[in-house]
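Labels run A, B, C and D following the written order; every chain starts at residue 1.
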Amino acid sequence: MISSLVVAFVVGGLICVVGQFLMDGLKLTPAHTMSTLVVSGSILDGFGLYEPLIAFAGAGATVPITSFGNSLTHGALEEAEKHGLIGVLTGMFEVTSSGISAAILFGIIAAFIFQKRNTTY
Amino acid sequence: MKNKWIVILLFLTLGACSDAPERVVYPSDDLELEKILDKQDSIIGYKSLMDNNTLLVSIEIPTMKRFSKVKIEENIKKELENEYPNKKVIVIDDLKIKWEIEKIIEKEHESKELTKSIEKILALSKEET
Amino acid sequence: MDQKQFEDIVEKQNPKTPMFTNMLKAFLVGGIICTIGQLIIFFYIRFFSFTERTAANPTAATLVFIAMLLTGFGYYKKISQFAGAGSAVPITGFGNSVVSAAIEHKTEGYVLGVGGNMFKLAGSVIVFGVLSAFFVALIKTILVKIGVVSW
Amino acid sequence: MVKANGTIQFTEKPSISSTGVTVGPMEKDSPFASAFDEILLVEKEKNESYEEANTRFIEKACAITVKKGHEKMENIDVFIGGDLINQLSPTNFAARKLNIPYLGVFSACASSVESLIIGSLLLESGKASSILAGASSHHPAVERQFRYPLEYGAQKPKTAQWTVTAAGFALLQKQVKNAPIITHGTIGRVVDGKQTNPFHMGAAMAPAARDTIERHLTNTNSKMSDFDVIMTGDLGKIGLNILKDMFTDEDCHVILQDAGAQFYGEDTFFNAGASGAGCSAAVFLSHIYNQLQNGTFKRVLLVATGALLSPLTFQQGETIPCIAHAIECRMEKRN
């Protein structure tokens, strides 16, 4: 179990380093960086490489935003395997829903309970 | 001085979590199965359950080999299927399954209940999302 | 003074981005967030009926929840100023972008403000995620159909 | 009177008879804090939007200015103001309450000096006798419009500047005794340094500032050392260094100063310093105004710089065009 924590730390950290490089080195805006990472996660899954990474790193691979692209692709591929080309369209959100629905739900809740704050240091 | 104790305590608690890999076969009268699983060098531990229809094996793959987790699972599954052609064989590396198997072994179920609990685990392992 | 001279001056006066320190900070904070994620995964496996494979979903929701609290109390932007991509790349950063936009546009009402602007920042992630997933899956399905690769 | 190249000489001695500056809570640690008239400890009151809060800052600054000038609000002929929010809504809404004839002006952060130039021209023409002119900016309101939501975690680079929460207004009247006089105004040209980074406004605005300063010096036949200080509005620390490098004059290292670079002192939290229409307005109309009044400065050039970008043009890949307006203020010997 400790080894899986260490692996999650290292792999997750490295994905973030890639993100930081995109921001600092290639001067991308945060939105561009995130989109790039999501697309690369999706492509990695196309080559069947992201699932082994999850098996290896656990949260180190599922927590970064790259896993979002992976699970979209993965859902689409799984459906496609069952139903052919139509499945590509229908399967996409089958796996991903939790992150998005949580974000929507908690976003509304936050708007409800939190006031805008005065600026502080 | 205080810090030292905290560190020691931390190691002890963390150490307690990472229990050493075990090799358990249940019911324990199947030596053939143990032999097959023992000679697998890609795993460091296993726990298996068997009833009349199903053979359920939870394996433990060392962290560095986990990239090829699916392949290892499939290889072992094939080997076991050859050995037990009339049983449904499931080989999986998963903490939850391992813990569930441990629970069952501890309780030492009767064969009827054993089937029931195996079915429960099977349902769990099939969930994909 | 021509454009070239001016650009030389700007180049000279621009402070260097501390790439290495920034990456180190991103590594540490990103790593810590993923480790917390792994602990939450263990928690869900231990106490609920989730397997290693399914536990990632409630973990994502939990992390977004934590991000909501940190955003609402004003801590997330401070973490981000230090960590950069370290706090933006994990799912918490996705949560932060949604929650911050939601809080920000509360004054314009729940429908037009919160509902309309919530995905102002995170929307591009979803759009390009879906787009690339569609094409990747399409190409792979076709390749499988014509027998170049297998699933 | 309008000389070539946009420098206007004012002969009727339009003078700044009083000023009023209100700032927000983040500005209370500023080195200039003692010169500000009022520090409001909440950026927004409960149930108030940031835009409404901006309006409140303007109204308060106007009230202070008029009170300090021993005038009544109904005696003011024209109110001239500007801010950074879409369609100048905070200033418009303040004007709704003030109920005096109103001109809204916009040249981003250079609005502060633009309104003073227009005010001086109105006085010069003899068509008005008391004018309230100034500008404001409000950090959270500006931030959400030009950048990201406030609570969004985006790493700010070292070149980023912090929009100040402040409103600065001045009462302009003709030939007031013991008050600084606006002698010249130079209207800026839109200069494009081909900069595209919205987190590095200093570099974008420096060419505009240089253009205006140079034209002002040529048109008034003066040199840098004739001034006690030439203060730019909000180039920030890095932008100020760029501007200094663009001049060959040795004196520039002492005489060129920047309100944005000094506004928050050496606090690294604010990265390159302050920005915003409120920044130049607050510093010019408090610190510089006081120094002129007590005779420390005799002749100053105030150059407010503005970056004329919008989130839209930036996303469409446009460069950041900039403008700088300048006024020259003098304090004549007391008699």
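FYI, a contact is a pair of C-beta atoms (placed from the backbone, for glycine too) under 8 Å apart; a residue touches a chain by one contact, two chains touch by 3 or more.
For clarity, every value in this text was computed on a predicted model and none was experimentally measured.
Chemist: Between A-C and C-D, flag the pair that has more C-beta pairs in contact.
Modeler: Ranking A-C and C-D by C-beta contacts puts A-C first.
Chemist: Specify the chain with the shortest distance from its C-alpha centroid to the centroid of every protein C-alpha atom present.
Modeler: Most central by this criterion: C.
Chemist: Which chain has its C-alpha centroid farthest away from the centroid of chain C?
Modeler: Farthest chain from chain C, going by C-alpha centroids: D.
Chemist: Calculate how many whole Å lie between the centre of chain B and the centre of chain D, each centre taken as the average of the chain's C-alpha atoms.
Modeler: Distance between chain centres: 72 Å.
Chemist: Round to the nearest whole Å and give the separation of the Cα centres of chain A and chain C.
Modeler: 7
Chemist: Starting from the mean Cα coordinates of chain B and chain C, work out the distance between those two points in Å.
Modeler: It comes to 35 Å between the two C-alpha centres.
Chemist: Among the residues of chain C, which are close enough to touch at least two other chains?
Modeler: Residue numbers touching two or more other chains: 17, 22, 42, 52, 57, 71-72, 74, 83-85, 88, 93, 97, 99, 101, 103-105, 107, 121.
Chemist: Please output the residue numbers of chain D that touch at least 2 other chains, ranges allowed.
Modeler: 50, 150-151, 154-155 - these are the residues of chain D that touch more than one other chain.
Chemist: Could you pull out the residues of chain B that touch at least 2 other chains?
Modeler: 128-129
Chemist: With chains as vertices joined when they touch, what's the shape: line, ring, star, complete or other?
Modeler: Shape = other; not a path, cycle, star or full graph.
Chemist: Could you please write down every pair of chains that are in touch?
Modeler: Chain pairs that touch: A-B, A-C, A-D, B-C, C-D.
Chemist: Using the touch definition up top, name the residues of chain C that touch chain D in the complex.
Modeler: Chain C residues touching chain D: 1, 3, 6-7, 9-10, 12-15, 17, 22, 71-72, 74, 76-77, 79-81, 83-85, 87-88, 93, 96-97, 99-101, 103-105, 107, 120-121.
Chemist: Can you list the chain C residues touching chain B in their complex?
Modeler: Residue list for chain C touching chain B: 42, 45-46, 49-55, 57.
Chemist: Residues of chain A touching chain C in their complex?
Modeler: 1, 4-5, 8-25, 30-31, 33-35, 37-39, 41-43, 45-46, 54, 57-60, 62-69, 72-73, 75-77, 80-81, 84-85, 87-89, 91-92, 96, 98-104, 106-111, 113-114, 116-117, 120
Chemist: Which residues, counting only chain B, touch chain C once they are in their complex?
Modeler: Per the touch definition, chain B meets chain C at residues 94-97, 99, 124-125, 127-129.
Chemist: Please output the residues of chain B touching chain A within their complex, sorted ascending.
Modeler: 14, 17-18, 63, 66-70, 128-129
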